[in-house]
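Alright, structures below, take your time with them.
In what follows, chain A forms one complex with chain B and a second complex with chain C.
Presenting the complex of A and B:
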């Protein structure tokens, strides 16, 4: 007993011109008869791409948090700040709401995103049938909060642009911010590569045909 | 996806065109994690290879030091960072765990030094002002040793001189620490050439050791003949040579200092070695006086008052201070009171100024024999006025021709040096000599001679008078007689005035005497005109 889906009915939609057509049989590449675009019923190589980007993000997550993101030079001396030391500074200086926000946006979110995407990809790979609706909702949440991860990068960029008093005070972006930006972009790409329809395919909610054909 | 009732049937939908599926191997996207891994590996390798050695510095206190913040600087360049701070087991010290930058790993050698830089005033300059804003940092001086070391004990004070300053260290020994401090300048001919680096008590507490650093190239002026003295503040002195004010520089008045000078010909001596020891004298005068290896005690007994002769007054030989008075006592001997000045005489002070061997060594005399010889040719001690204004006296040794023969009795302790009356009494003596000479002039005889001559003259005049009277009384008839008388008179005058006449002789003698007396007076007045001071000081002895 399965819900009626496009794949179940043997239909494809062109992602460019929105033409609905009948899918060809066999392992062949479908082409839109109207605009000639390549048509996939699911994102091609979705899981592989997601995994590749996830692993890259995870690798860069370490230097992004270890290396300083910002070097503040002032008459009080030079200071190198990592993301975590910035959070610690905000916390000790009393602005703990800001500390919580930065910690949430810059440290927890990328990490949660990595873990959540890894969980989703694993569950699809293991053809899990458990609570597909909840997993789809998790995916939506990831998409939504992912954009907040760039907060720290933006803060550094704004400071670098604003605080430039030469000898008195000077803020420079350090290499850490590059790795951090990479992590954020890679996780965004990873979540984009992930096709949530696979959750439902794997759960067997979609009928008969091989849902994971590309 | 709900089925729409009025939608077209699947059969009416167009059929997708089909192309041959591209058979890809591994998707290109796997390059991304590969690159990420490479980056990660590169960063990891970099951070491992760039991590310098960890080491420990021990300090008394961790004041101003923060873990993860405090930097280690060498020549104001960051070379390391404090990683953690902990107390030693017995809580007496603080262990600073720090890490050096990789490139500075070989700075950690046996004689490297660490100290905490805080703002302070050192010598005449203020240092570490920047730490007021940036906080303290740990200063470092890299040693020259090749032996590696990982545990250091931090210095309590910032060293004044760093190891790479060219120059030499010297150790000055003194009885007490003068008004000098760390960083006090060292002057050479009033030119700042070095600094006081440290000072400490001797191990036995008997004196103070001051370590100074003389910068190159000035360190070459320090040799075995160099004397150091405290050039601290203002030195105001009132002594036999009057008032003297001595100071090296304005800075030395404020922060104290040390000066040095080399006695004699500096070129003759080799520069002193590193860490050579010198005595630190109280002042320039004592520093530059010659090393008094041999001191001979003498007693000088005088008949006159010694008011104005103080203990420490110089014993002078024609301008060279050869000794100093150590004590003054009255002594009774032969029913008379003598004032006895005890003094130490340093005979080598005269000898070492001569180039080559002294006369004494040439003759092979002992010091005692040399003094005997000097006394034999007339050397005597005399009290003289050093300064008319202050009335200070000194003992002068000089050679007096015609002094009564004397001898030093070396068995006496201390031996008595023959003396001669002081110069003030000498003036009286001179005056007495003059009066004696004047008294010797035969004024009476001269007067008698004169009286006699005048008597004869009177007689002549009387006979002339008589002649005139006779001429008056016995007029013309007796002209011939008168003429004959006149001839007689003239004969008599002729007799009187002739060479052999007694009148003539007496007069000449008298005049001779007078001219001699006048010449003597002229010599005296001439001398007084040229040397008016001799009225007070007396006539200097003939050389």
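Presenting the complex of A and C:
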């Protein structure tokens, strides 16, 4: 069963201002006459870009979690903190609601994003017809929660700025925070590169465009 | 605004006829449920007012320390650019750039950009820069992360509370107010209406304020 879509009717929809226009005969890209954005009937090379960014993020996910993100030196000695030990510290110091929150934002969300986007991209490549609505909703959730992973990068920044009392206490940033920041940015870019309309194309729900690969 | 028009869902590409919705209501895609557009009351005036308030809070938030800390009589303050600068000094320049852009540059762009578009539009003026400016502001939105930054401040406060006296500064209250006004402003904005006004203005400059 297929429904009328912009691409099936030879129309292009702008991704910025959402103007629907007639595509210049057979073209799949144009410049939006209203807002001037470059528009494509589908995000260009969506799956290839999504995979490239996802794999890069997955590779960096390991050092991001293994390497320390900051080093605290005080009169009691030096302490190296990873993302996980930061969560553990919050947990043992009794701030467990915050520990749960940071665990969710810093460890679960990036991992969930990696897995869920890989699942979505694979499902499109396999031309899955199963539950396109549920998969579109999954994508919507990913788009919404992705940015919250930046939390730990900001924590490091605030601690570095605040705790610089020479001999008494000093917090320094460590390499892990760079990998972690890269993971967040790469997963955000990956979910922006993924085109949820491909889910419906591949499921054969869209007219004039059955499971064409991009 | 009320002309019958087609809209293609940005999430599933379903082609639909635009319908008029009551104030405050949204039109959603009949197949995947994505929000297509929301009809806002006085979108230009309200968003302008909220963005003006946001501008004030942004200035205060960045002019005063967000948090201060005291250990044995020594005191230190933290502000956004200081954090970014110290990260750079410690060799993590990229991370410094990342936090500086997401907590300072993009929010600033969002506020100043919105005002530069909405104020002329409110006055019935449509200088040429409005279209590319509005496009830029819309595209930069996901990278403006003031609320994530503030949650980071809160987590840092809790972490430090065991080793030092931490004092929330004026900047912190201003940032909280900023988050609320920015969220409010983005829920007062109806980008579709702005685009349609800009389009009318391009076609016929005399109708701009209509």
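The working rule: the second predicted complex is superposed on the first by the 180 of 214 C-alpha atoms of A that agree within 3 Å, B and C clash if a C-alpha of one lies under 4 Å from a C-alpha of the other, contacts with A are read in each partner's own complex, and residues count from 1 in each chain.
Everything that follows uses one rule, which is that contacts are C-beta pairs under 8 Å (C-beta built on N, C-alpha and C of every residue); 3 or more make two chains touch, one makes a residue touch a chain.
Just so we're clear, the structure is a prediction, and the values are computed from it rather than from any experiment.
Within the superposed three-chain model, A:20 lies in touch with chain B and with chain C [touch as defined at top]. Of the two partner chains placed by superposition, chain B and chain C are both touched by A:5.
Look at A:102: by the touch rule set out above, it reaches chain C but stays clear of chain B. By the touch criterion defined above, A:186 lies against chain B but remains apart from chain C after alignment on the C-alpha atoms of chain A.
Of the two partner chains, neither chain B nor chain C is touched by A:124.
Legend: residue contacts after superposition of the two complexes on their common chain; A:35 is shown touching chain C, with no touch to chain B.
A count of residues in chain A touched by chain B and by chain C gives the higher number to C. Within the superposed three-chain model, A:56 lies in touch with chain B and out of touch with chain C [touch as defined at top]. Residue contacts after overlaying the shared chain place A:202 against neither chain B nor chain C. In the superposition on chain A, contact is made by A:48 with chain B only, not with chain C. Chain A residues in contact with chain B (one complex) as well as with chain C (other complex) are 3-6, 9, 11, 19-20, 34, 36.
Residues 1-3, 10, 13-22, 27, 29-30, 32-33, 35-37, 39-40, 43, 47, 71, 133-135 of chain B touch chain A in their complex.
Remark: chain C residues 5-8, 10-15, 31-34, 36-37, 66-69, 71-72, 74, 76-79, 82-84, 86-87, 90-92, 94-96, 98-99, 102-103, 131-132, 134-135, 138-139, 142, 145, 148-149, 151-156, 158-160, 162-164, 191-192, 195, 198-199, 202 touch chain A in the complex.
Against chain B, the residues of chain A that register as touching in their complex are 3-6, 9-12, 19-24, 27-34, 36, 39, 45, 48-49, 52-53, 55-57, 59-60, 62-63, 66-67, 75-77, 179, 182, 186, 193. Residue ranges on chain A touching chain C, taken from their complex, read 3-9, 11, 13, 15-20, 34-37, 74, 86, 89-90, 93, 95, 98, 101-102, 105, 132-133, 136-137, 139-140, 147-148, 150-165, 168-169, 172-173, 175, 177-178, 181, 185, 188, 192, 196-197, 199-201, 205-206.
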